[in-house]
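Which chain is which? They are A, B and C, in the order written, and residues in each are numbered from 1.
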Amino acid sequence: MKKTLFAVMIVLLALAVALPVAAQKAAPFKVAFIYIGPPGDLGWTYEHDRARKAVAADLGDKVKLDFIENVPEGPDAERIIRQYAQDGYNMIFATSFGYMDPMFNVAKEFPKVYFEHCSGYKTAPNMATYFGWIEEPRYLSGIIAGKMSKANKIGYVAAFPIPEVVRGINWFTLGVRSVNPKATVNVVWTNTWYDPVKEREAAVALLDSGVDIIAQHQDTTEPQKAAKERGKLSIGYDSDMGKIVGDTVLTSPVWNWSVYYKQTIQAAMAGTWKSHGYWEGMKAGVVQLGTISPKVPKDVAGLVDAASKKILAGTLNVFAGPIKDQSGAVKVPAGTTISVDDRAGMDWFVEGVVGKVK
Amino acid sequence: MRLHFEKRKSLSIGALFLVPAISFLASLLLTGLLLVAFGADPMATYAAMLKGAFGSGRAFTETLVKAVPLMLTGLGVGLAFKLRFWNIGAEGQLVVAGVAASWVALFWNSWMPPFLLLPAALLVGCMAGALWAGIPALLKTSLKVDETLVTLMLNYVAILFAESLYYGPWRDPKGFGFPGSAPFPDSVLLPHIAGRAHIGLYFAIALALILWFLINRTRWGFELKIIGSSHKAARYQGISVERKILAAILLSGALCGLAGATEVTGISHRLQQGLSVGYGYTAIIVAWMSQLNPLAVVPVSILMAGLLVGGDQVQMKMGLPAAMSLVMQGMILFPMLAGSLFTEFRIRRAGKAAKDAQTMAPGGAA
Amino acid sequence: MTESTRENAELLVEMKGIRKSFPGVQASDDVALVLRKGEVLALLGENGAGKSTLMNILAGLYRPDSGEIRIRGKLARIASPRDASALGVGMVHQNFMLVDSMTVAENVVLGIPKLPFVPNAARIRREILELSERYNLKVEPEAFVWQLSVGEQQRVEILKLLYRKAEILILDEPTAVLTPQESKELNAVVKLMQAEGKSAVFITHKMDEVMSFSDRVMVLRKGKVVAEKLTRDTDPRDLARLMVGREILFCIDKRPFEPKGLVLELSGVEALNERGLPALRGVDLRLRSGEILGIAGVAGNGQRELAETITGLRPTTAGAISINCVDSTNASPMSVIRRGVGHVPQDRVAVGVVGDMSVSDNLAMKAYRSAPLASGGVLRPKRFLELAKRMIEAFKIATPSPSTRTKFLSGGNIQKTILAREIEACSSLLIAVYPSRGLDIGATEAVRKELVAQRDAGLGVLLVSEDLEELAQVADTIAVMFEGRIMAVMPACDAEAERLGLLMSGAIPAEV
């Protein structure tokens, strides 16, 4: 019987050494989306999936738009991306930062497939990166929070201490302090994008510490629900969370990916697609401020509306100095603007944030 | 006809293979019912899974990529289980070893000749895994602290420790502040066989053979078997039980550690999120399915890896929710555990058993 | 009422054509058995003759492969002990099935069907006390089982059956764990129950018990009934021949006692038991090569601890031990083994062998460390097999094959396996703790002969036994142990049973 065992091992060994490489075959224009969470998260993935559906409705049966959910970041993602590429998909969107390196590796192997990675920085001739300046609507939502906070203490449930999240916290805080210089923004890290239980726990801990508004950078509405249950207010993110949770959500900075997805998929289909780094703001429509709750007084809403118009008109640049760090030192002097690279790698908090970038 | 159970006097290797195979089929049947309930075609789903895991060279390399850490941790966990040391800390040992190998890869290249860097990274990784397993082993052998809890808790310590490094001091200075260490130098990368499958596969297979030999053909293994059966009996035979357990658990940790070291040097090429995706826990299933036989660990790991890789297809091709592939993985365990009953016992018809027994040499009554 | 119906009414149990097999063994082979009301039936047979199997079938623990059972004339289907209990059948097993952490009363009512959710403790206590009064089974209902001696635990087991109103009691080797005095008390209890019209089946392999306890005796051999007689129509010699199938050697040839150099010396040795209480109190012993030193005493008076202390398994808290005139106080088990000491431990199944490993592996468990079984740390399976075959033949170990897992052997063959291994490995001192306990006559004889052969070959043998007959037959010198002390040491020829009995029970003070 031992011989059988050895035989099995030898066959396996042989298979491992002499691996046949399957031929690729052509297929109609197929697009795959790789999601970190489920579309039902009503947040980050929900917005990407909403855009996916919108594009599908627009372009009809010329395209086939598929998705896979709950893909962990890291080596497993590489397998999934490769699988799609190998299965004849023409274009693949990876919608989380941790998919960047895996996608970069796979892109090298499949030069004819278009790869698009969201929120990273690496590009290749057939791999683009895309993101939006959500900091603009974040700043606007900060104005509302700054005006509405009575405790002058605002909580912020944040996923990971990475530049994307740090920027969100910073420009939200800048918005808050533009109308309420006494207010602070208190950050709690959850170290997860998608974990309803952890997100809720973090919000509750912040509420216990005396904050009266909860802002967030997560993938679900749990922090908003926790605030509502405590009779407190909140600022949503990703999707228009007021429609889901109720009017305790004062507003939400939201994504509108369909603007971008439609244009880049059409470019790829037409053969005009070129590698790029897409970073746009409210003007392009990829980001915007969601519905403002009736709980927000008219004068405050007016203030926000005015600021919003200025941003669209180009007369308000939220990235302009002076910007001070937590120690009060000026990092971006007045009259200058923080560069795109400095924003992309931002690893420090502005004045008014309570917490540490680990 | 009446059936009854008989305890097997000696384990047949045929049963060793046949039983997991049959239980695997049974689990496919069970899951099939579930798939029908969800309105999916089970045969199409399985075909998609099979194709996704083994249907092409690329698919098979991806299965092997997942099988390597499962083999190594499966061997490590199985060795500990043989001693009835419930090491459920393979995950932590893997992560800590990944950290240690990364340490070598990132910081030793300034003074170490490049050709030594990879062996050093693997070796230091093994040592770190061994050390991490050594903590609960020492607590168990000297203070009789229950190892189950300690090994489990150390998993979280290891994962948080790794996180604190790649979010903190080890964060790539050129990485725009994103988490993850700098990429490793090329000299420390594990050579690949095909696709992403790396030579860790050869290590794993060689180690399975070595471990089998150690357990079944050496004094050391003989003593481990005695200890695994009864500490009292081992002590009576003059075996220094504590020392032997400690040594074996260090080896168990080193095996799990090698899994971590090969993952960072072979797959991720840097220390980052995603090093811990539950290999250490799946290893427990692998070890039991292999009935603690090191040789069986190799095919069983490939099977489990195939299930994990093929599971993607459930979503990608069949459009079923992601949870379905998890349910399928869970489903496989039940028949497998029931199957272990048949490796210990066999079913016979009542009359036949009696007749057989008469023809055998008279022994004592049970 | 006709003659025949009265006959039928008296027949409590009828078992017919019972067959039951285990791997490699036909434990019951077409067995028929009847039990009448008010009768005590002795089941006599060597280890592995199938006595326990047959009774486990009646008690619902095993299902027969074929055959039928009638209780009070009605065909009975006994699928579980609960079914048996409902039919009035109860069994006291060799290994008691009591829950240590519960009280006597709780154990007695445990598992009774339809017990109220909150049992009436006072009533249960009263009923238990009544029963124990009536049958002279003294126990304290509130005592915890772990506090009880083995004899007391047996009483609880019997009370359990009586409480369930059992009419048919099965006692599996009840005296194996009892002192002679306790055995007598048990006999009285059985007689009392018999007087009330209850019936009993009594499993044993001791002749004197058959003679004193039973009305009728059935002799089993290799799963078959070989004889069935009224006790008064037979005698021990006759039964012994039937049981073994040949004449028994009641005395062993022994060369004259010629002791040589000192092999083992203990002076003032003290040690603690598992609970941290003194188990050995100032033990002084001397054993020379070519001598069998018998340790007499009731089990639990420090004998096991004595053996463990000498072999390095238990720390010595005071005093000194020397083996072959070299100090071995608190030496490691390995170094004691290296000095040529063999040890047949008290607990054969859990300590003496590894049940999950093969007979061949178990036989090699001392010799595996060096050539020819191992070379450079690598084992040589062929040599294992050679050694096993040689030893199986030399010691007549009955096993289907050398690769059979040891736990499938009978108690006697497990003991032979241990003895074979230990004798093979030992070169100066052999320690044997209750080596013939629970063995049948044939096996006992083999073990005793082997001990004497080793003594004749120049080994020092330390024999712990509670069987005075064995000691008188085998030992050259006898030391009596009581509560961890050596009460007296005397040449075996001077030992009188009565005086030993008194020393063993602490009735007269120590003489050393």
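Structure notes:
Simple rule for what comes next: a residue touches a chain if its C-beta (ideal position, glycine included) is under 8 Å from a C-beta of that chain, and two chains touch if they have at least 3 such contacts.
Just so it is clear, the structure is predicted and the values come from calculations on it, not from any experiment.
Of all the chains, the one whose CA centre sits at the greatest distance from that of subunit B is C. Taking the mean of all protein Cα atoms as the centre, the chain whose own Cα mean lies nearest is B.
Rounded to whole angstrom units, the spacing between the C-alpha centres of subunit B and subunit C is 44. Averaged C-alpha coordinates give centres for subunit A and subunit B that are 35 Å from one another.
Mean C-alpha position of subunit A lies 75 Å from that of subunit C. Residues of subunit A touching subunit B in their complex: 1-2, 4-5, 8-9, 12-13, 15-17, 19-22, 32, 38, 66, 68-70, 72-80, 82-84, 86-87, 97-98, 101, 120-121, 160-163, 166, 191, 341, 344-347, 358. Taken in their complex, subunit B has these residues touching subunit A: 12-14, 16-17, 52, 55-62, 64-66, 163-164, 167-168, 175-180, 193-197, 201, 205, 208-209, 263, 267-268, 270, 272-275, 277, 295-296, 298-299, 302, 309, 312, 315-316, 319, 321-322.
By the touch criterion given at the top, residues 19, 21-27, 29, 47-50, 52-53, 63, 65-66, 222-223, 311, 313, 332-334, 336-337, 343, 345, 347, 350-358, 361, 365-366, 368-369, 374, 377-379, 381, 398-400, 403-405, 408-413 of subunit C touch subunit B in their complex. Of all residues in subunit B, those touching subunit C in their complex are 2, 4, 6-10, 217-222, 225-226, 229-230, 232-233, 235-240, 350-351, 353-354, 356-358, 360-366.
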